[in-house]
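In the two assemblies presented below, chain A is common to both, partnered first by chain B and then by chain C.
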Partner chain A sequence: MGSSAGEWSAEQIDDYETLISTTDVELLKKAWRNEKVSPEILPFEEALVKRAKEQIQLMEETVDDFVESGHDPLIASLYQMDLDRAQFLLRSYLRVRLQKIEKFMFYIWKTDTYRNRLSMEEEKFTERCIRDIGKHLEETVLSNLPDNYQSVLNQSVISEEDDMVPEPLLDTFVVAKCERTTRPLYLDGSRQSTGFDSRDDHFLMVPGDLCILRYRPFQEELMSGNISLV
Partner chain B sequence: MHGRKAYELVKEFSSGEKGHLNIFNNELFERVIEECNEHHNAFQSLIRKMQEEGLEVQTAKNADHYGALIHHISLIRNKRCLMAYVYNRAEIIRDLAWKVGLLHELPREIQEKFSDSEEHYFKDHSKSLKLYMSQLSLDVNVDMVPPKDPYIKVRVLEDLGSGIILSDKSANFARHSMHFLKRTDVEQYIARGLMEELTG
Partner chain C sequence: MAGQSEPHISLFSAEEVEFMAEDELIEIVPNMRMAPLNFICGDFGPFLPQIPTQVPLWLAVALKKRGRCAIRPPQWMSVENLTRVLEGERESQGSFQFNSMKALILCFFVDGSARDDIPDMYMVRSLIEDIRDVRIHKVETSLEKFSGTSAVKIPNLSAMEVNIIRPFVGRALQAFYKHDNPEKIPDVDRASSQQTRVANNEPRRPLRR
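Coming up: the complex of A and B.
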């Protein structure tokens, strides 16, 4: 990659950026950002979390060795800071998910799409949360009410659906950045038909676009990785 | 007036400081429950009256039908208010479990505001969180803010002796002593008011 000493060619910069953007730290950062901004719980990044845990453990051992062997303390504390940052990302990612579960536990439990997005430990956690709050609500409120009104999920037995379950608000606005060109879609949520379409009010994003938009119509684009949230 | 007491209950909750609990208003709570049962009795007697008159309960739209409907609607409104009161308090209790450190004793002023069931809920929820963390062998409730420095200066506010476990050294934590410690070790003590961070 011949270039004048000390300067990077455009090619090198591209390569470097591609390399950086696929490191685990970047992937974790992206997963963390998406999870933080999205109103619903996103699929659990099982492989990524596992790798991140292993790498953090490796780093911890390295830093411990450095400290013990009396290696340059500045380097050791730089590694330590890097380690702390990675740990923060991982913990915050898991924490945000737990807090979403706490907020929408009933809805997540009864909606298969969401339930399948939980890790095994999160599923157990959800179950326990439901059991705990169910017990608490039952003792305090429900057991004291007349018979037909004792359910925690609906107002009374004549309700047509579970109307006491809070749902995530999918129509909130989020800021999204485009990574890959999205499929064109109409902002009212309908898809473009395959034939020639006379409607020209469809919307698509190209890489580099930064937009504020409602979350719901863009769920699929987020899942496929075409956009990411900021 | 239907629903007024339930409204008062919810208003009391929402007029409190955000994130803080008032003492559990047992008296008002019980009165709303009583009201629910009164509504239910009135509802049932109206339905019985209609049945005795040989009227089809669902379709005969006379005064009794509407009277019963109003009792039913008032009842579910009271139920919603009661559930909202308890559920929102439970949300605050969960936040406390995250902040203060699981299963540790809450300060007395906060503990007094819980009802009995809420105390149990706090313990149950702390246990669920602890179980999750032990399954992952990862503490999720430290590092609550992004790290700037791995070590921070703290002053000890209460006499802790040497009863703290630190990851890399031990020291004597007498009151007012200052130390330069790892942030992850001391976060919990700061949250519980036993230490304070010295900035600047």
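Coming up: the complex of A and C.
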């Protein structure tokens, strides 16, 4: 974050405070929202998911104990509600990712950036999906097509690239909320190097802004946490 | 399913919006003693009779249903305040710092289970609905002024309102973008004219029902 060693900038202190006071549930909720709205698959929140799983497991045991020991059923049911909510968030997060994988499995598999964003289980899932869908398509359709057209990935052998593979539409418009001031961006995606241009197309978000914007130019801002999707 | 960019993944269902709204904190007044609750989502309590405390909405409703507390309506939920907000929304162009997602959900829940806790409940509810209508109407009229921008700032809208306008605005802006930049969508760097079909990034033609 580019401040001199030893001295914490106000921004860093803010971040730190936010970090220690934000519960995993809130982080999970944010990850879920981002994942739901983003057209591409985002990096897997491994640490967060692991922590959430552990907390949920612990809570499950606690609730079981409560029920067995005949503890106040009201309290037990309240804990159960909290548990259900946390489980819903976790499951929903994983489910949205799986949906995206199912949609873009070939593209994710062959694009390293995306492939690296998957967890280990998701990678296995993708592999199996590809195998199954490939086999299915081949048996039902592809083997009946003329020789040059039998690939799952290309329309025909003369295609220059894999044009049967759907790609995530990064130009969709999403609603984003600004958490921290973003860098000025040209709306066509190019970066500003120094200072401000006289052109009016640079775009800047300050905390609290709510915008509808095209996803592609703002990918990095999302990854760095400057904006979050709503 | 082929079609436009899969709205069903990126759209939040009403239940999901409700789920998110349920995490908002609200004040309750317990009528009995209860130990602190150490939830995954946070720690609440201890609960002492007649001492107000803040809890998430879902917890408040659960406790209220079991007769363990009374719910205190938030400050902004008074008839005077809401009337003022409504007037303000009608007059000004921009929107206030008013999170009406919270408002409507709260209204819904609290109406259901806390009728006795909120004075003038019907009035409050109809005011909130009016405010919502005015805001949505404002957003709609300002949408008419769009003309192919790449990004649009919108005034403070709640998640629910965003969810309502999202599909239309998203597709509208996308159509603008597409027409403004025909060379960018799709990637047509190929010279081959033997290709009768251009690479689709995603099957774009919606299936008409």
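Criterion: the second predicted complex is superposed on the first by the 206 of 230 C-alpha atoms of A that agree within 3 Å, B and C clash if a C-alpha of one lies under 4 Å from a C-alpha of the other, contacts with A are read in each partner's own complex, and residues count from 1 in each chain.
The rule we apply is simple: a residue touches a chain if its C-beta (ideal position, glycine included) is under 8 Å from a C-beta of that chain, and two chains touch if they have at least 3 such contacts.
This one's a predicted model, so the numbers in the text were calculated from it and none came from an experiment.
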{"item": "Touching partner for A:132 - first (chain B), second (chain C), both, neither", "value": "first"}
{"item": "Touched partner set for A:141, first chain B, second chain C, both or neither", "value": "first"}
{"item": "In the superposition, chain B vs chain C on chain A residues touched", "value": "C"}
{"item": "Chain B versus chain C as contact partner of A:53, first or second or both or neither", "value": "first"}
{"item": "Touched partner set for A:102, first chain B, second chain C, both or neither", "value": "first"}
{"item": "Which superposed partner A:81 touches (first chain B, second chain C, both, neither)", "value": "both"}
{"item": "Touching partner for A:91 - first (chain B), second (chain C), both, neither", "value": "first"}
{"item": "Touched partner set for A:36, first chain B, second chain C, both or neither", "value": "second"}
{"item": "Which superposed partner A:124 touches (first chain B, second chain C, both, neither)", "value": "first"}
{"item": "Touched partner set for A:149, first chain B, second chain C, both or neither", "value": "first"}
{"item": "Residues of chain A contacting chain B in one complex and chain C in the other", "value": "77, 81, 85, 88, 92, 155"}
{"item": "Chain A partner contacts - residues on chain C that touch it in the complex", "value": "5-6, 9-10, 12, 16, 19-20, 22-23, 34-35, 37, 39-42, 58-59, 62-63, 66, 68, 149-157, 159, 162, 166, 169-170, 173-174, 177, 184-185, 190, 192, 194-195, 197, 199-203"}
{"item": "Residues of chain A that touch chain B when the two form their complex", "value": "53, 77, 80-81, 84-85, 87-88, 90-92, 94-95, 98, 102, 121-122, 124-125, 128-129, 132-133, 135-137, 139-141, 144-146, 149, 152, 155-156, 164"}
{"item": "Chain C contact footprint on chain A (complex, rising order)", "value": "23-26, 29, 33, 36-39, 52, 55-56, 59, 74-75, 77-79, 81-83, 85-86, 88, 92, 96, 99-100, 103, 155, 158-161, 163, 166-169, 171-175, 187-188, 203, 209-214, 217, 230"}
{"item": "Residue ranges of chain B in contact with chain A within the complex", "value": "29, 33, 36-37, 40, 72, 75-76, 79-80, 82-83, 86-87, 90-91, 94, 115, 117-118, 120-121, 124-125, 127-129, 131-132, 135-136, 138-144, 146-147, 149-150, 183-184"}
